[in-house]
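Take a look at the structures listed below.
Below are two complexes that have chain A in common, paired first with chain B and then with chain C.
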Partner chain A sequence: MINSKNFRHVTNVCVSLLLLRCMTTEAKRNRAARIRVGKGDKPVTYEQAHHPHHIGHRKGWLSQHTSNLKGEDGAAERTVEDVFIRRFMFGTFHGCLANEIVIKRRGNLLNVCAVMLQKLPPQKFYFLIGYTESLLSHFYKCPVKLEIQTLQDKIVYKYL
Partner chain B sequence: MASRTSKTFLSLGRINIPLLGLNKSSGKATYATALSINFSSGNKGLPDRGGRGPFVRRPRREAGEPRTGKMPVDQDWTAVYPSAAPFRPGSVPLPVRMGYPVKGGIPPEKKGNLELIKIPNFLHLTPAAIKKHCEALKPFCTEWPSALETDTKCDEHFPIKLESKEYVSAGPSLRNPSVRIVHLRVKLSSLNLDDHARKKMIKLLGERYCKNTDVLTIKTDSCPLRQQNYDYAMYLLTVLYHESWKTEAWEAQKTVADMEDYSWEDSPSQKNILDVLLRMKVAGEGDGEEVRQQLLGRKDVQDYKDSVTRLKNEGESESSMLQYKEAVKKVFNM
Partner chain C sequence: FIGARYHFSFHLIRLQSCSKAASRGQTFKKQNRRKVNNKDRNREGPASLSVCSGHRKCNITRFHLPLTPSTSFHTTVLTSAAQSAITVTEEPDTLFQKLVVLVKGHDRAVLDSYEFFATMTAKELGISLGKVFEPPKDIERLTLLKSIHIFKKHRVQYEMRTHYRCIELHHITGCTAQVYLEYIQRNLPEGVAMEVTKTAMEKVPDHILEPMWKEIPTDDKPSQ
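Let's turn to the complex of A and B:
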């Protein structure tokens, strides 16, 4: 009994020492999709600058389909398709994407909208667009259309 | 065409760097060979080096003015946006801005604005475009029949109304299991039923009958196909109709508790009022059947009967209670 009391006293002292010396054990902060404020030299797009709780208020939705409505099914399949399409586009147009991919579904049609930088000559772009469209159409058994816009440089919203 | 160019690129890559293999093919090497071999014919001035020599990037073509600068004011907008398409800043000659402004700033402009691309737009549905759609659809339309001008006429000629839904959703599959549900609605007044048949039908229907609108609704979803559900609904209607016309032997055992409407004859209320009136009357008149009949024939007793029947059937309301009060006062000469 005496031992346990001493032990508790010792551990309390140790804990308080720890607390004094290193960082405090605070509540966990959200780290999802957030670029933390830094020196002020990091250029950040509108999409990256706004945190996820601004979706619906200052940001729109990157993917739109009817499966998330009440009474509709297929939400999981659409989500998995979305994830694959984003990775595919990121890899195919490597280094050329200026911003996130926007995916719209209109009935059977899968519309992938992307804003790209003019890093490749147009012929390569056309080839990659055709390749993506045909490959994804065969993959998902539905017409896939790519709508690409190109920019000289990324649009900077602010510097963090 | 895309596949052909892809073959040429791949073949070039493979032929020219056989030892290094595709993984090692750095961008510069493949670009150099591809450019010099493939585009030498159409090139403006690059010498045909045959894949050797220092790599010179061909001059970058300047991006021209966006289309918005060359649009006349009276152009045909339906040609710019003939169908649903995402927002293209180079095709829409409007200085729109969208987004939350930076502190002390203004919303970001339309160039490269992802927010404008995210939202659905109706640029392809201007009044001019809709007019064109209507013009295109007109040859396939026929006039509404003149004999069906009003709703009542429609009900008269087509008393049975069938409802089923179609679903359009985003995804590769057309099928939706809710498509098989069929609703059949019919007004009981349009069916040929006598009093007994109507009461029996209402009892058979239970919850499917709405008293206020006199509409019977049959919802069928037990079969997998819509056609089967429709057939089943029509079969149910036919069976209900024929069954309600038949009178079974056990229907003779219907008690007062089974009655749908309250009827005053032979009810406790009649007995009570007659007893009270007899006791009120001067003693000596007797308690015979004729006296009861005479009492029943009196107008205030008839009014009392009406008010009680109304209260029991329609429920309590301001006017029915007032009517009951008046009738009671008259009967008791208050």
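Let's turn to the complex of A and C:
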């Protein structure tokens, strides 16, 4: 399922349906990319607070490329690239990501936009940015640009 | 240009008339007081002058690509495909009766703003605009199983919407079309695809101007 992978940007893993098999008398609710309402102590960003059916209405797209349009091909390759880039960024800048990564493709250029927390000194940031850019460029054989913005803390939209 | 997706390194260029490009600060010899083609300022080759009376009358400029170290991928290097030398040729320019630019995207707002940009560019360049309309959107729906194992009755549905926008330009020359399309395409937003259809006009060949039966009055029909 191509689009479900793009929805998997929640840090809390959804409860798998195998565990729910004993409770099949209840209605099957969608659990994809949703943080369930709780006590009110969990801070949640704008991206996490809105459910996937709000994409295009209240949310934008995290990965922008043309291969999902009608008459265009290459969707699977772009999706695999996106998944790899997200995991790579998550691992390289561990604990520093404030929000989901936005990947934009324009012509040959791959633009990775991220919002980071100021947990590392700027020199380390610059090194990691250069390292990521050159490694991904050599890996994907196309120019890769990283656009980073740093914040003090995560922006909380509401508490669930 | 027809119906293809482009893979060239993206570099935003400003639409250049003869003498309005930004200079990079390198010195050049100004031999007389004519306007200089500013592409030469960026090059280390011989600077040649051109007269700005019209886009067909520029002299041949020879230049070399900038000798910047290109070890890192993210420095923008102007590729040779993006810049061709301005040449003077005697052959007539191709004429296009119609140039149809169809843009496709997932977001209607992005296509709205792009249409505004493209129509404004056409007006500024003096290109006659035809129809600018919105073909109906296409929705591709998929119904998939919600669970990885059994639960056939529980499915999940996804859809992919493709919005279109069509811009038609009439009576355009080859040079203008090339410049306009290049500018439009370099500023294409991410997630938007474009298809261009050109309808060229050709001169009617001489051998079919006169009907054949007028030239051979004495030949008898062989099937008698």
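Rule of thumb we're sticking to: the second predicted complex is superposed on the first by the 136 of 160 C-alpha atoms of A that agree within 3 Å, B and C clash if a C-alpha of one lies under 4 Å from a C-alpha of the other, contacts with A are read in each partner's own complex, and residues count from 1 in each chain.
The working rule: a contact is a pair of C-beta atoms (placed from the backbone, for glycine too) under 8 Å apart; a residue touches a chain by one contact, two chains touch by 3 or more.
Note that the coordinates shown come from a computational prediction; the quantities given were computed from them, not determined experimentally.
Once the two complexes are overlaid on the shared chain, A:144 sits against chain C while remaining clear of chain B. Of the two partner chains placed by superposition, only chain B is touched by A:78; chain C is not.
Residue contacts after overlaying the shared chain place A:29 against neither chain B nor chain C.
When the two structures are aligned on the shared chain, A:39 is found in touch with neither chain B nor chain C.
Which of chain B and chain C touches more residues of chain A: that partner is B.
When both complexes are overlaid on chain A, the residue A:70 reaches chain C alone and has no touch with chain B. When the shared chain is aligned, chain B and chain C each come close enough to touch A:134. Residue contacts after overlaying the shared chain place A:61 against chain B and chain C alike. Contact with both chain B and chain C is seen for A:106 once the two complexes are overlaid on the shared chain. Overlaid on A, the two complexes show chain B and chain C touching the same residues of chain A, namely 61, 64-66, 71-72, 104-108, 111, 130, 134, 142.
On the chain A side of its complex with chain B, the touching residues are 45-47, 50, 54, 58-62, 64-67, 71-72, 74, 77-78, 98-100, 102, 104-108, 111, 113, 115, 118, 123, 126-127, 130-131, 134, 140-142, 147, 149-152, 154-155, 157-158.
Those residues of chain B that touch chain A in the complex are listed here as 1-3, 5-6, 9, 63, 84-86, 88-90, 99-100, 102, 108, 111-115, 117-120, 168-173, 178.
Touching chain C in their complex are the following residues of chain A: 1, 3, 17-18, 28, 30, 32, 56, 61, 64-66, 68-72, 104-109, 111, 130, 133-134, 137-138, 142-145.
Within the complex formed with chain A, the residues of chain C that make contact are 5-10, 72-74, 104-107, 138, 140, 144, 146-149, 151, 154, 156, 158, 160-162, 188-193.
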